[in-house]
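Let me begin by handing over the structure; questions about it come next.
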Amino acid sequence: MAGNTYGTLFKLTTFGESHGTAVGGIIDGCPSGLIIDVDFVQAQLNKRRPGQSTIVTPRDEKDRVIFLSGIYEGKTTGAPIAFMVNNEDQQPKDYSHLKDTYRPSHADYTYTAKYGIRDHRGSGRASARETLSRVVAGAIAQLWLKQYKISFNAYVAQIGNIKISKTVNLSDFAEVENNQVRCPHKDTAMQMIALIKATEVEGDTLGGIISCYINGVPPGLGEPVFDKLHAELGKAMLSINAVKGFEYGSGFNAVNMKGSEHNDLMSAENNKVEFLSNHSGGIQGGISNGAPIYFNVAFKPVSSIKIKQSTIDTNNNPVDIQVNGRHDVCVVPRAVPIIEAMAALVIMDFMLLQKAYN
Amino acid sequence: MAGNTYGTLFKLTTFGESHGTAVGGIIDGCPSGLIIDVDFVQAQLNKRRPGQSTIVTPRDEKDRVIFLSGIYEGKTTGAPIAFMVNNEDQQPKDYSHLKDTYRPSHADYTYTAKYGIRDHRGSGRASARETLSRVVAGAIAQLWLKQYKISFNAYVAQIGNIKISKTVNLSDFAEVENNQVRCPHKDTAMQMIALIKATEVEGDTLGGIISCYINGVPPGLGEPVFDKLHAELGKAMLSINAVKGFEYGSGFNAVNMKGSEHNDLMSAENNKVEFLSNHSGGIQGGISNGAPIYFNVAFKPVSSIKIKQSTIDTNNNPVDIQVNGRHDVCVVPRAVPIIEAMAALVIMDFMLLQKAYN
Amino acid sequence: MAGNTYGTLFKLTTFGESHGTAVGGIIDGCPSGLIIDVDFVQAQLNKRRPGQSTIVTPRDEKDRVIFLSGIYEGKTTGAPIAFMVNNEDQQPKDYSHLKDTYRPSHADYTYTAKYGIRDHRGSGRASARETLSRVVAGAIAQLWLKQYKISFNAYVAQIGNIKISKTVNLSDFAEVENNQVRCPHKDTAMQMIALIKATEVEGDTLGGIISCYINGVPPGLGEPVFDKLHAELGKAMLSINAVKGFEYGSGFNAVNMKGSEHNDLMSAENNKVEFLSNHSGGIQGGISNGAPIYFNVAFKPVSSIKIKQSTIDTNNNPVDIQVNGRHDVCVVPRAVPIIEAMAALVIMDFMLLQKAYN
Amino acid sequence: MAGNTYGTLFKLTTFGESHGTAVGGIIDGCPSGLIIDVDFVQAQLNKRRPGQSTIVTPRDEKDRVIFLSGIYEGKTTGAPIAFMVNNEDQQPKDYSHLKDTYRPSHADYTYTAKYGIRDHRGSGRASARETLSRVVAGAIAQLWLKQYKISFNAYVAQIGNIKISKTVNLSDFAEVENNQVRCPHKDTAMQMIALIKATEVEGDTLGGIISCYINGVPPGLGEPVFDKLHAELGKAMLSINAVKGFEYGSGFNAVNMKGSEHNDLMSAENNKVEFLSNHSGGIQGGISNGAPIYFNVAFKPVSSIKIKQSTIDTNNNPVDIQVNGRHDVCVVPRAVPIIEAMAALVIMDFMLLQKAYN
């Protein structure tokens, strides 16, 4: 229980530091007979990759996934699926000046407190490069869930103070991959990009919000009490680097509503159960109700900034620090495939559980 | 993995329906030799109890905890601690009219979808009465954590649109138990009570926000990657009935800050590490940094309202429903001990884990 | 992970000391809609009960099971099933002289070493009374498995040096409940009873072997590598008090065979796969092959003897001890329902897992 | 829970098929700061390797372990340790004739029943090559346990009908690596080698028994009830390919003893607790008592024999089969390091657990 495994029946265990040999993982519990569309997996990985555009870090870490086991003649065999992505762009020299310094709001100090030892190169295990493994496993979960017509659509809803002002519809999702910030509203996307560019000049960074819709989940998923569907989604999202908050359905705004406004009334035309509103976000009592599941995830601004800051070194002496390296002004657009991946891991695990008990 | 267990090393498994014989649980993994202060446990339970005041439901369910095992001559033995609270106030007649109706935004429909069968009496297993067991186990965790001077302080920060407007300090916590809404600011508490009374007249209900501070957690707790300290806190909180959102430290507001504003700079006067701000909420890279941990939890308004609503019955026919029974206008004040309990379960589990690895 | 839970999807957590208030447990993960035949559960419990005959201890601990949750109108609801059996025959005075003494080959010394504290009354948590909870949960698993026509037949194959000399067939199982030692061969049973009576006169005790057959398990159960079907059966059996060894199929005798003798050849008359022998004990590569599963479990002689022995007290001073109390000369016949119960827990867990992945 | 993970706090997840790209694993939960002696790890691996001598299969699969993560400047960092061993000697042609045939007493039929698909090359995931990963992880556990002076000594006690006739003492362990069959008694070793050679001529195979001693385990390890120390050791051993039985301490022979003979009397010279015999095998009530732990593991004869046997193909037609390939007559000597590795995984996991709770 050292924290590198996610899931109960569809289990992902990840490994790897940003500047070690490779990052990767083992998926245990993937049903046999699933055709692995490697191109889809790689496409999801590519969305996470740095260097996709002018507004994200220009490192070109090819990030090709290599499968080591569990797939035979293109299909899963039921055996564990091991995979890895080599760290091709290792430049340990970049980080030598960080060896003895705790960067503010990074994991440098806390890892040292926890382990008494730290691989300081590029944040080591705390690097967001670890999320590569999540995207691979999440893509495989998405492939499996396609047979149930379950789909995942995440997008950037806010960057800094620029937010989407109108409702997002299913038809808007097509726009997400058309702009560099993965915002489904083109005009908002333009403003976000302008803000990112302006912030880059300042040497500063930005946070944002990603919204995610899961369509097609049948009623009955999720375990009541401790493993409620939204509790597990929340944990999965909060486990992503830089995430500060999670809300589903009406979320924090529920507080401003009365029961009579918030309750989702039910009807059943032609014997098909419908909800007249969806403040529940598709989940009631911790269990899916068949309506779309949706939630928001808040990201803090990136901690690595080019502005000089005061901090301490490992001997507790004050030092100034300025993080140059190659860092994104805003990682939120690159986190979209990670959100979808984690959502898929959660849903697949609950689908398998539900199959077990029914 | 049917969802009724929380924790890895300090594990709570709960049982019981609101109108069955009893609710209770088994705690497995409590270290031996801990003196059980039964009065403290009961006092925490009493805070959760309905009928504490004029503004909460007047059922007087004495709710005395009975320990069945694992304690010998007042101390834990290392054996599992089983406990139960009898359901003394069973009035199954109250609920017969709900047998065939899906109450809006309750778990009625989803439980039926999941299990094909439903104990309709008082929400059965979905009742918040299940949280009794969490409070008992959380109180025991709090007793154990006292040796490390770790304390838990939750309070009501918002009800409906009434929220605390100024900063809450350690000295304010004493006020929490002085008013019926468990708000540390007396004036705000008065306004909240007034709002609750007005809403009761309307037959409507309210949600709110609870904030929680955990003081004294040493640096190094939490497991990186999937089991980050805040991810586990988030899951624990989201598993509480009616919770819609979780944020820690700067939370959703982080989105409006730039990296240079958000980063918590470090200093070390007299070799004591300090953080000049605490947007991190005491957690960096998923691991505690020694600063106070704090977070917010959003509750939706209670679903059981006295206003007539349209819904469907189990044959998918439209029906109107009006939930009379004895229900709180706002459960948020009663959730304060539950939040503290779940926080204590999380911290104790991570403390034991940290002891294992060091 | 303090050891009081068994299972992954069908999970039993037990509690209780021999002289506390009660023993019992919580079953989490029982599918909904199962009709609970309480008489069957009680009948299995009765087989384990002391005082069944002249050759076992005459305590009459009625041992009635009480269900506290998870069953509504006679059926499981999917919620956790809590149950307990009160300790009606508490006589703590019996044990006061044992408070400061380590009985030889008991858990007295090791519990003290582990926990630094010990409930000395009747072995406390180490008492075989804990197995009551296993029998209850195992009976429920057996009820669920009946729909798949999976049956469990354990019997006493050896007591001391008296062993069954001829092959046991399906038709012999009916005899098991006809004699006090649960041996399917009447003549052998008579000899075993005579041996027990003679040993009782000596104040000494006996061990034995139980064999168990599981019929009807479909091919495909068990997880390869660490959670092989026989590995899990082995763990389950070795977790029963006084067990010293486990073997399945050919077991230790396989060592004396060559590959050409040991291999189970296959044929398929009318497309029905058959094995011409069953040295594999129904399991190959850790996965069931459809043939009957069978295994043997060895029990040591009871440690509580009426003959004086030398030991030490808790201050490490030498003392003599003579365990009078009410103890069985041989517990093996009473362990038959426990073996069946644990086998049922294993098989049900793997059935649920197999449903999840297929 | 698809069976490829072992352990709770020190967790090993393995991957890989015999003829895929590689085999390997991830260790999660290794304490930080441990110096990894790669030579020791490789030496343990070499003991498992085929082609060590004239009596085992002559494949020379170099089997070099490659570490991918979790080790920095020679020490563990607390991050997961991923490792792999490339499959250098892939000869898939060897196995094409097995594609449609179920070899007797192999996992061919059961894997097909379970997964509906099978990687037939060299038994795929069911190959004993998977145990490479166990040896790597076990070696790391042994390195960590050295600080507590806990040592593991396994040896071959029987092959076919040739068994060690006299007691094995600590001083005999040095002989184990001096002969090809890893038997601590030279004369018996010579007889075993002669038997293996004779059996090879027949085209037949042999099983055997490995005994293992664990010295230095402090009192208090193991969790009572389901996770007894010997139950977990039993599961770990039974999870090794070809194992048919497990017994600890007096084992199956306990059945032939009376309580008065079997009980291990205690004394305490100079305040040092001692046991006058060790029929308990160092474990009482599921918890270590400080005496040496010992157990026996029975292996069946290898299923792959060069003698023609009748079986069926995947269409249920009868076929004859003769397994030529390169197979050991007796794998037992090569299993010695695997037994030690699994024992080390068990003990390390319980040590970490015990640290957590004390």
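For clarity, chains are labelled A, B, C and D in written order, and residue numbers in each chain start from 1.
Heads up, the rule we're going with is that a contact is a pair of C-beta atoms (placed from the backbone, for glycine too) under 8 Å apart; a residue touches a chain by one contact, two chains touch by 3 or more.
The structure presented is a predicted model; accordingly, all values stated were derived computationally and were not measured.
Common neighbours of chain C and chain D, by the contact definition above: A, B.
Chain A and chain D carry the same sequence, and matching their CA atoms takes a turn of 180 degrees, rounded to a multiple of 5. If you average the CA atoms of chain B and of chain C, the two centres end up 40 Å from each other. Averaging Cα coordinates per chain places chain B and chain D 46 Å apart. Annotation for chain B: residues 1-5, 8-9, 14, 29, 32, 78-79, 111, 114, 125, 224, 353, 357 touch two or more other chains. Only residues 9, 29, 31-32, 78-79, 224, 352-353, 355-358 of chain C touch chain A when the two sit together in their complex.
Taken together, the chain B residues at the contact with chain C in this complex read 1-5, 8-9, 11, 13-17, 20-26, 28-29, 32-33, 67-70, 72, 75, 77-82, 84, 111, 114-119, 124-125. Residue ranges on chain C touching chain D, taken from their complex, read 1-6, 8-9, 14, 102, 104-107, 109-111, 113-114, 125-126, 130, 158, 160-161, 199, 202, 204-209, 219-228, 230-232, 234-236, 238-239, 244-252, 254-268, 271, 273, 279-281, 283-290, 298-305, 307, 309-312, 316-318, 353-354, 357.
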